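As written, the chains take the letters A, B, C and D, and residue 1 is the first residue of each chain.
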Amino acid sequence: MALSREQIAQRVAQELQDGFYVNLGIGIPTLVANFVPDNMDVMLQSENGLLGMGQFPTEETIDADLINAGKQTVTMAKGASIFDSAESFAMIRGGHVDLTVLGAFEVDANGNIASYMIPGKLIKGMGGAMDLVAGADNIIVTMTHASKHGVSKLLSNCTLPLTGKGCIKRVLTDLAFIEIKDGKFHLLERAPGVSVAEIIKLTEGELVIPVDVPEMQF
Amino acid sequence: MALSREQIAQRVAQELQDGFYVNLGIGIPTLVANFVPDNMDVMLQSENGLLGMGQFPTEETIDADLINAGKQTVTMAKGASIFDSAESFAMIRGGHVDLTVLGAFEVDANGNIASYMIPGKLIKGMGGAMDLVAGADNIIVTMTHASKHGVSKLLSNCTLPLTGKGCIKRVLTDLAFIEIKDGKFHLLERAPGVSVAEIIKLTEGELVIPVDVPEMQF
Amino acid sequence: MAGFDKVVTSYEEAMAGLEDNMTVIAGGFGLCGIPENLISEIKRKGIKGLTLVSNNCGVDDFGLGILLPNRQIKKIVASYVGENAEFERQMMAGELEVELTPQGTLAEKMRAGGAGIPAFFTATGFGTPVAEGKEERQFNGRDYILEESITGDFAIVKAWKADRYGNLVFRKTARNFNPLAATAGKITVVEVEEIVEVGELDPDQIHTPGIYVDRLIQGTFEKRIEQRTVQPSSTAAGE
Amino acid sequence: MAGFDKVVTSYEEAMAGLEDNMTVIAGGFGLCGIPENLISEIKRKGIKGLTLVSNNCGVDDFGLGILLPNRQIKKIVASYVGENAEFERQMMAGELEVELTPQGTLAEKMRAGGAGIPAFFTATGFGTPVAEGKEERQFNGRDYILEESITGDFAIVKAWKADRYGNLVFRKTARNFNPLAATAGKITVVEVEEIVEVGELDPDQIHTPGIYVDRLIQGTFEKRIEQRTVQPSSTAAGE
């Protein structure tokens, strides 16, 4: 069965390591913070200028001067630091963030990503997404494998305007965990109960399938 | 008579304005701080990362962590701020310093300056001088008009490697205050008791002499 | 000390000299750390044809959004816009020019503008619509594009505390673009919650040295929250 | 919390992995704010063929100068050198390569290296020997040259205080190049006067976030003064 949003976040969280500085995008990526394994510490970077993002505040501790990149009120974790936007993106662009998790509309077999703009629809802007995909070595894209109408989001070539070129190496969808290498999608794992045939059907780009495709473990 | 080092500094100090942020080079420029007019406030920028340099410390207040760009122990004036070297040169390069005063070996009629290197002699480096001359709009160069052997330092073309190109507009020597404009030196003032003839003799570059050349007032 | 005293006592004085068709760089991220009252003064003055450089454009009735109804903004350079209906209408109708710029590139453009760096290379935006018309170049086998810096006729900034010399301290994530905007204005105007005497701020802990600040005014702030997210008090106890 | 605890307890551990022919970026200006003990450890290890990036090269018997007698330095990138005799001898004899770089350009190169900016334009050095071999370009009628960024295999940094996560605070002008160096090392090693518990430093007042720091050690420092200038105690009274 296709993974729920929570399960996608849970699988991504398995890629965390103790001591990782992590930037989580809006949506499913945000949920990853709820699945950080016990006895493991990660620090969340929020690109508006906060390293060490904590939980949401209570009504009593809410502070208009303390928000995350999604403009939500947050708190600071112990050991947090605050900095300006240039420093924040120096951190991101300079490759100092260990893992970036973000959503996308489409990803293609060359590692291109489209995530910010659908021509003809209202364009709200890329925010920090272009900087994040250009700056990070270690990115996981989370998204549904295909649209509700069964149109694949893992393409041979992105159809929408790109957020970044050749920068995506790993994609976790509701159906599969996939690596992008040598211009091809490589199937690493499948969601529990999802068949390889189903994944093949919903992957438009070239898909390399190993002899054994293990189910994800939770 | 030719100006003393102190008199050069004193004349430069007349160009100060209340509220000026000023960077003073090593040597004669440093002395300018001693002649800031009463009822006028200037803040001294030291390019190693201090805005608001104070006097030298006493034996009791000396602090190895607080030095100026000449590596001398200093103090902080009231309202001082500390920053890193990139921020310090952002200030300088971005044109935020109101007046820069520095020494030179040679200046030419095109506003070129040579101040850091004499080929064949030990090269110690340009320090912040190249950044200062490139970044400031308002620079006064202080130097002796000619060498001890009577060789002019105000040339049609610098002979030494340049510190900066086309960036010097005003020079104060022990003999004259000179503006550089349209590829020529323009004599503005002469030192008390120094004749125009003497200045002509010791100026190799083209010198424009107005009908009246006032003596400097102290 | 008069020479370094940046304090002005009215918003009219604070924004004196702002004229039609000027470029204004504004600090703030969303509604956090925005120079609320300086924006209101721009609205009051009725200045038109402005080019605004700001990460966002406020909401319908707060922040830079309040400059939309009277069509005061000609163009906005931002990374994320469209949190309000009037903005959308003007953009769709071609009445408002929008130059989308990646957030980190926008921050770096402001910093570069203030620092006398006319242009820099960045990987951000390579191969995307942002790269159109820009020089591309490889360094060490990676692709980059050339981005030019931004300066403004005015920069409007919100800080937390300042001394009279304009030395600034920001508070929490209200810092964001403010220190960068402060460096990039020909005239930089700062409004703060509190002005302290010179000497009260620790020189080691000043975020923006007063050299960047031209005018300083103390204001009162609504500090509206855009996405109020809270957890119940009880679950937070174990944090 | 182990994952973010950057503290190591020996200088050997602090500089583990440093090998011959590596590039080391060092903080400090003159002898102020230099990582004294990390430099001593490099001397002790006997590493050779180093490329050093530092504003200065110390004096004969202190700072980076102590790496000269055993010919540990192959090349130095600096803005001002030659405060010591052995340096002069090696440079004149062609045993030591010196790449003179304007101070502000050097600072910006380090910052750019840490910030993923491969190159930037600056007016500094245009028309001078520094511009040789570099691209020249006009922006808005002014001349600039293109300068490339610097990164190092190691960065060695001296801060005042740190928490165990590597959040750093610098003191007075000992800050100088240190925060920039900290961003530009593949491995950044920091020595400090005091390590405090996590949570003791005000998040608004951290100069270098711990994300840039790989190893942290507490040391004791000589803090030698290069130009000891004082005024008599009496004249200072009226200050």
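One rule holds for everything that comes next: a contact is a pair of C-beta atoms (placed from the backbone, for glycine too) under 8 Å apart; a residue touches a chain by one contact, two chains touch by 3 or more.
Bear in mind the structure is a predicted one, so any value in this text is a computation, not a measurement.
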Of all other chains, the one whose Cα centre sits farthest from subunit A | B
Inter-centroid spacing, subunit B versus subunit A (mean Cα positions, whole Å) = 55
Cα centroid separation, subunit B vs subunit C, in Å, comes to 36
Distance between chain centroids, defined by C-alpha means - subunit C, subunit D (Å) = 32
Per-residue overlap in subunit A, given as positions that touch at least 2 other chains | 76, 82-83, 89, 92-93, 135
Contacts with two or more other chains, residues of subunit C listed in rising order = 108, 111, 115-117, 122-123, 170-172, 175, 203-204
Using the touch rule from the top of the page, what pairs of chains touch, sorted by label?
-> A-C, A-D, B-C, B-D, C-D
Subunit D-facing residues of subunit C, complex = 108, 112, 115-123, 139-140, 142, 144, 148, 169-172, 175, 203-205
Contact residues on subunit D for subunit B in the complex?
-> 29-33, 55, 78-82, 88, 91-92, 98, 100, 102-108, 110-111, 122-130, 143, 160, 170-180, 207, 223-233, 236, 239
Subunit A to subunit C touching residues, read off their complex | 46-50, 54-68, 70-76, 82-86, 88-89, 92-93, 112, 117, 122-131, 134-135, 161-166
Which positions of subunit D touch subunit A when the two form their complex?
-> 1-4, 111, 113-117, 163, 165, 167, 183, 198-199, 203-204, 206, 209-212
In the complex with subunit D, residue positions of subunit A that touch it | 17-21, 40-43, 45, 51-52, 76, 78-83, 87, 89-97, 135
